[in-house]
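Order of writing sets the labels: A, B, C, D, E and F. Residues in every chain begin at 1.
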Amino acid sequence: MENILNLWTGSGFYNITGGQVTMIVVCLFLLYLAIRKGFEPLLLVPIGFGGVLANIPEAGLALTAAENAIHFHKPEVMAAMAEVLKVPFDVGQEITKETLAAFKDAYKTADHSTVYQAAHVAADAGYANGMLANFYSVIIGSTVGPLLIFLGVGAMTDFGPLLANPKTILLGAAAQFGIFGTVLGAALMTSAGIMDFTIYEAAAIGIIGGADGPTSIYVASVLAPHLLGAIAVAAYSYMALVPVLQPPIMNALTTAEERKIKMVQLRPVNQLEKILFPIAVLILVALFLPDAAPLLGMFCLGNLMKECGVVDRLSDTAQNALINVVTIFLGLSVGSKLGADKFLDLQTLGILILGMVAFGVGTGTGVLMAKLMNVFSTQKINPLIGSAGVSAVPMAARVSNKVGLDNNSQNFLLMHAMGPNVAGVIGSAVAAGVMIKFLGG
Amino acid sequence: MENILNLWTGSGFYNITGGQVTMIVVCLFLLYLAIRKGFEPLLLVPIGFGGVLANIPEAGLALTAAENAIHFHKPEVMAAMAEVLKVPFDVGQEITKETLAAFKDAYKTADHSTVYQAAHVAADAGYANGMLANFYSVIIGSTVGPLLIFLGVGAMTDFGPLLANPKTILLGAAAQFGIFGTVLGAALMTSAGIMDFTIYEAAAIGIIGGADGPTSIYVASVLAPHLLGAIAVAAYSYMALVPVLQPPIMNALTTAEERKIKMVQLRPVNQLEKILFPIAVLILVALFLPDAAPLLGMFCLGNLMKECGVVDRLSDTAQNALINVVTIFLGLSVGSKLGADKFLDLQTLGILILGMVAFGVGTGTGVLMAKLMNVFSTQKINPLIGSAGVSAVPMAARVSNKVGLDNNSQNFLLMHAMGPNVAGVIGSAVAAGVMIKFLGG
Amino acid sequence: MENILNLWTGSGFYNITGGQVTMIVVCLFLLYLAIRKGFEPLLLVPIGFGGVLANIPEAGLALTAAENAIHFHKPEVMAAMAEVLKVPFDVGQEITKETLAAFKDAYKTADHSTVYQAAHVAADAGYANGMLANFYSVIIGSTVGPLLIFLGVGAMTDFGPLLANPKTILLGAAAQFGIFGTVLGAALMTSAGIMDFTIYEAAAIGIIGGADGPTSIYVASVLAPHLLGAIAVAAYSYMALVPVLQPPIMNALTTAEERKIKMVQLRPVNQLEKILFPIAVLILVALFLPDAAPLLGMFCLGNLMKECGVVDRLSDTAQNALINVVTIFLGLSVGSKLGADKFLDLQTLGILILGMVAFGVGTGTGVLMAKLMNVFSTQKINPLIGSAGVSAVPMAARVSNKVGLDNNSQNFLLMHAMGPNVAGVIGSAVAAGVMIKFLGG
Amino acid sequence: MSDLMSEAVSLMAVGMGFVFVFLAILVGVTTLMSKLVNKYAPAPEPKVSAAAPQMNATSNDAQLLAVLSAAVEKYRSDHKK
Amino acid sequence: MSDLMSEAVSLMAVGMGFVFVFLAILVGVTTLMSKLVNKYAPAPEPKVSAAAPQMNATSNDAQLLAVLSAAVEKYRSDHKK
Amino acid sequence: MSDLMSEAVSLMAVGMGFVFVFLAILVGVTTLMSKLVNKYAPAPEPKVSAAAPQMNATSNDAQLLAVLSAAVEKYRSDHKK
């Protein structure tokens, strides 16, 4: 009898909170966007599904063992936990919401030794890390997940168009204004009292403007892990929305004449150039920005494996089995940060707004940079390829091509836009390195 | 000279015990069954091989660093270990079997902090975890292995037949009587003094009746890890024996007329239904049984990845590279529990007997449920498809088909049996969740 | 302003040491050899790349969190670290090179508990393990990497030629003289005062003569992890140089007549023999040398999976996705040991010289063993296949074939040489087991 | 009745009860869902899966067809005369 | 100006400055590298990638060709008469 | 003789001795095993591997044959007239 009661009081129906219901609906909506609208489904399917799992009441899939122990707060476990976390607590004492909050706070701010001891107490009491919490710590906490995605992306990237016309790299630089402009925006909102972001949070939000999923996740996991869920969702959603977000800005900032500029055909690129390029990037990183070494190092390794032609087995695995496995786990891990308490916050609204601003500013500065370069150079650049500098590979380059074709049905900009497009990946990884150096060092 | 002696006294010949010889023979027999008789070779080849490895004398492949340190019991190491484990011990003292047993007991019952400290002592003395012990803790101890198998199985499962005739789900429910009936059987044997099982052990044994390898391993790892080896071997062996075990029971419980019932052809199923089904299951799990969330969550994610059609890369990887890699490690990890001391026990005999009972009871109740449903419904069900409710996908459904053809060579039951067959997977995962909630919570 | 200064004083340019520059050049040369000269590119591309990453100044990719904390030596962190490591230190104290060296030494020689505590202190101060340090500890520190490579190699190995002519196994035994002769050489150099090797280091260097990458890495990681980088580089480089190193020795030790010996065609081998062979090897290992069980166990499992014919999915994955993923990480992990401080040492020179000696001696003793066997046997062996006993599969067998064809254009030795070639793999794994037993036990 | 027996009996009651209730609800939900789908979104074009075919499969088939057409072409031209 | 604002402004200045400097150097290095390559090693034979084709691909093609030739052979011999 | 030298010598003696003994036993065991197999189970049908061919391979071959037959069929019908 007691057991049946137990099943009932332990069921989802009995325990579910409004926040959890809301978040499950939000996550189902993400799945809808991914499956029916084609929004970056490779990431948003596991993210959305992981978000549902994270919000299953009483399952504690996104909680560590210690957090689960506190959630179920058996008196004898709490007594042991109190001793470790140095929270005042008597065994007989009633456990109120405030008591629980005190334990949760103490756990969140505890040093590493204490966290380990709390884990031991919880394990002794029979609690284990939730599945998603394990995935998060192995894949994102260790930073290995985003790095392996970058390895695979590197192995899929063709730097040919960039090598054929290197000055388009500067378009990829200009588009990073989106990142830093957004940081400024977040600071402004905070100064105005509308939001409340620290500089770490502002930087992590700004990186959405890099339009690169793994870079965003990497930076957020280092600077503001509590915002990771919202940042990743915003980054991937806006990347999917690039065909909607960019064209109005591109049209507003250019004249019809500029949009019709025809670019000269790209020269063929030598195999050796392609092999040397990732090595050159690596050496520049080593000399100028060691903090970008993990991200750009893995990216360059992937690209070298692809281009060198002698390790096709490895390049193939990096582009397929490995990246696919990591994507599943990375998505679920991001989903673990879509808990109601973390996501249903005013900050998320700020992130969504600022993320869109970041995309817009990056698009605009990319286009304007192209116009500026045309002032000084005789070989004109079609400013429509500037918007591709935000990255969002290869979507943004396709958008440049499409808007170009709308203005001149014989003007194919795709390959020209791929140069700034992949330069944008390098640009935002460099920006990520600067931010981590500046704020983390 | 001393070194040559060392090689001899450290060799297998010098140290092998009768138990180890027996277990190596048992494991070679498992390999024979797997390779020559086709008994679930994907699992039984690595399990059997892992079992041989686990029984190599002095190699300690299935032992942790601390267990290895105790096994080799150098006096100075034992002194340090005694302090950590709080076992009375003088450095000069002779080390008898009893002393070693005291250390092993203290280690087994130690709390988590102590286990870590013992690991440090062992590591300082140069001992390391055995290879299989590492595999076990990463793959099964963390529960990730069975969950990833379920992800892959989900990505291979077609719920079409079930969706075309949803009431056959109830056959998958009825067959779970095998699970709980076996728990009762284990309790009866214990009451009768024939065996000695706790309720945890009884539950872990019962789950063999679920006829699902990963579910059995998952439950056993949570409720009775020391029986995991025998339980997994029984589960996979009986799954392979389904074509032998089920037909007599099916024939005994049905009339020739019933076995000839023709079922109407299944309606075609809409793609959208297939996409919504795993989401519906997930939501029901969230609402009613959070403890089944890890298993059924991964299963539903796999199925959604397959059916949604936009993440075929991920679904493909889940069905191939990922599940294959995990299968190798899972098999070896299960094999690590086939050590002589754990397996050569009266309990194993009980597990083998009760496991077979579980399969038989599940088969029978599945068939009887179909007959019961025919009493109330006009659209008759061929009771031969009831036996498929135990799962053992797709073997049990093929058995239903074969027995059906034996009675009416024009009656193809395969697709009809696939409905209860996959329902049985869900049914036993639900049963697993109830058991963990009931006993673990 | 301070921040810009920070970027400058934190840049590679400002911090790079001569040693790091040298090592980056060395690693770029390895990449050149791998990509342009085809030197074992599957390993040397990730090793070389990892070596560049390990030498990026200030990035600390190959350092643990505690080592990074000591490198940046903030006074308050050093105070906490001093307490844990028991190094005398006052907070006000100037931090000289000697102070840092004292901390580094204390950390290197600390016991495992202390290492954990130091890690907690570093983590509390915001330091994390470098990416390569994580890869190393997961892939090589745990020994799982080399073992999984061996699993894949086993699944790619065909023992048919060996089974058709088992006495060629003895050629694989003789070639292991290269290993032990080199140990002797290292001891001689030390006695002569030219070098300074311990017996552990000498053994780890000798194993280069096994001509087996994963065996070398496995043994070096157990006996002399600080030499692992140089040993792995030497092993793979010389394996690539087999076509250059072996022929002169083979020609010098044989007469033209001997090189023209025609061998009888190999008998066809039964499938069952191929299935039983890995099991026989496993049982011999269990009886005679438990310390070789991890390496040869995984090797035999891979081969059994291949030959048994019922788990082709697993065998396929072991040969492709799994081995490729592990190769990437293994290469990067080896690269992490190519730091300037570890590699730019007189010992490395000794390793390179001794490694070449090892290859030469192994080649020679293999050839001489064949000549010796011809004295006692009527069925003559072409001594050119003796050199294949060093392993370096399948390169050494191809060299035997090529030198054979140079002397008699109708004499195809390839299949005959595959027997000793794969026997050499078993031989060096046995030698590895003996060394670990002898020195580690 | 021993403690173990009573525990086993109640585990059976609760367990089977729960399994049946859960799967019965699933029957209901599934039936309802299917009805709604077939009423409001009957047999949509299998556009989704067609839009994202598996890359490998495609390229394999492409290779296959290329080789095949080449072979057939050659055969044709050989037989023309 | 608040502390946060000044931090954001200097992050922007340092960050964008660094991104531009880094990528501008990259433009220079890339241009130089391309010039040197095209001067001293123009369009080398794509020997490297040809020398190490992916094993699977090869064996698949081999199987393919085997089956294909067999099929064509059979067809030929059937039509010979 | 220094301590290191004596250790190296005895490692060599023990090591090479063990390698030879182990591999010599392996020669014996292998020879015996082969004899027994060829006496009691000579050249069995390669049933095992045929019974469980790799799934992917099968389906690839199936696809291959399907496309192939279609192509040949078409060719035949084109040439019939």
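What we mean here is this: a residue touches a chain if its C-beta (ideal position, glycine included) is under 8 Å from a C-beta of that chain, and two chains touch if they have at least 3 such contacts.
Since the structure is predicted, the reported quantities are computational estimates derived from the model, not experimental observations.
**Q** With one step meaning two chains touch, work out the least steps from chain A to chain F.
**A** 2
**Q** Please find the path from chain B to chain D through touching chains that uses the fewest steps, and give that number.
**A** 1
**Q** By CA centroid distance, what chain is farthest from chain B?
**A** E
**Q** Which chain lies the greatest distance away from chain F when centres are computed from Cα atoms alone?
**A** That would be chain A.
**Q** Shared interface numbers for chain B and chain C above half of all numbers used, same, or below, different?
**A** Comparing the two copies, chain B and chain C contact each other through largely different residue numbers, since under half are shared.
**Q** Can you compute the centre-to-centre distance for chain A and chain C, using the mean CA position of each chain? Integer Å is fine.
**A** 37
**Q** From the C-alpha centre of chain A to that of chain D, how far is it in Å?
**A** A distance of 31 Å separates the two centres.
**Q** Take the average of all CA coordinates in chain A, do the same for chain E, and state the distance between these two points in whole angstrom.
**A** For chain A versus chain E, the centre distance works out to 25 Å.
**Q** Of all residues in chain C, which are in touch with two or more distinct other chains?
**A** 3, 7, 35, 38, 41, 288-289, 308-310, 313, 316, 320-321, 434, 438
**Q** Indicate the residues of chain D shared as contacts by at least two other chains.
**A** Correct list: 11, 14, 18, 48, 51-52, 56, 60, 64, 68, 75.
**Q** Can you tell me which positions in chain B touch chain D when the two form their complex?
**A** For chain B paired with chain D, touching residues are 162-163, 166-167, 169-170, 172-173, 176-177, 179-181, 183-184, 186-188, 190-191, 197-199, 202-203, 268-273, 276-277, 280-281, 284, 288-289, 308-313, 316, 423, 426-427, 430-431, 434-435, 438-439.
**Q** Write out the stretch or stretches of chain B touching chain A in their complex.
**A** By the definition above, chain B touches chain A via 111-113, 116, 142-144, 147, 151, 275, 279, 282-283, 285-291, 293-294, 297, 300-301, 304-305, 308-311, 313-314, 316-318, 321-322, 434, 437-438, 440-441.
**Q** Within their complex, state which residues of chain A touch chain D.
**A** Per the touch definition, chain A meets chain D at residues 3-4, 7, 35-36, 38, 41, 320.
**Q** Considering the complex alone, what residue numbers of chain A touch chain B?
**A** Those in contact with chain B are residues 3, 6-7, 10-13, 16, 24, 28, 31, 34-35, 38, 41-42, 45-46, 49, 52-53, 55-59, 61, 117, 119-120, 123-124, 126, 128, 131, 134, 320-321, 324-325, 327-328, 332.
**Q** Which positions of chain E touch chain C when the two form their complex?
**A** It is residues 10-11, 14, 17-18, 48, 51-52, 56 of chain E that touch chain C.
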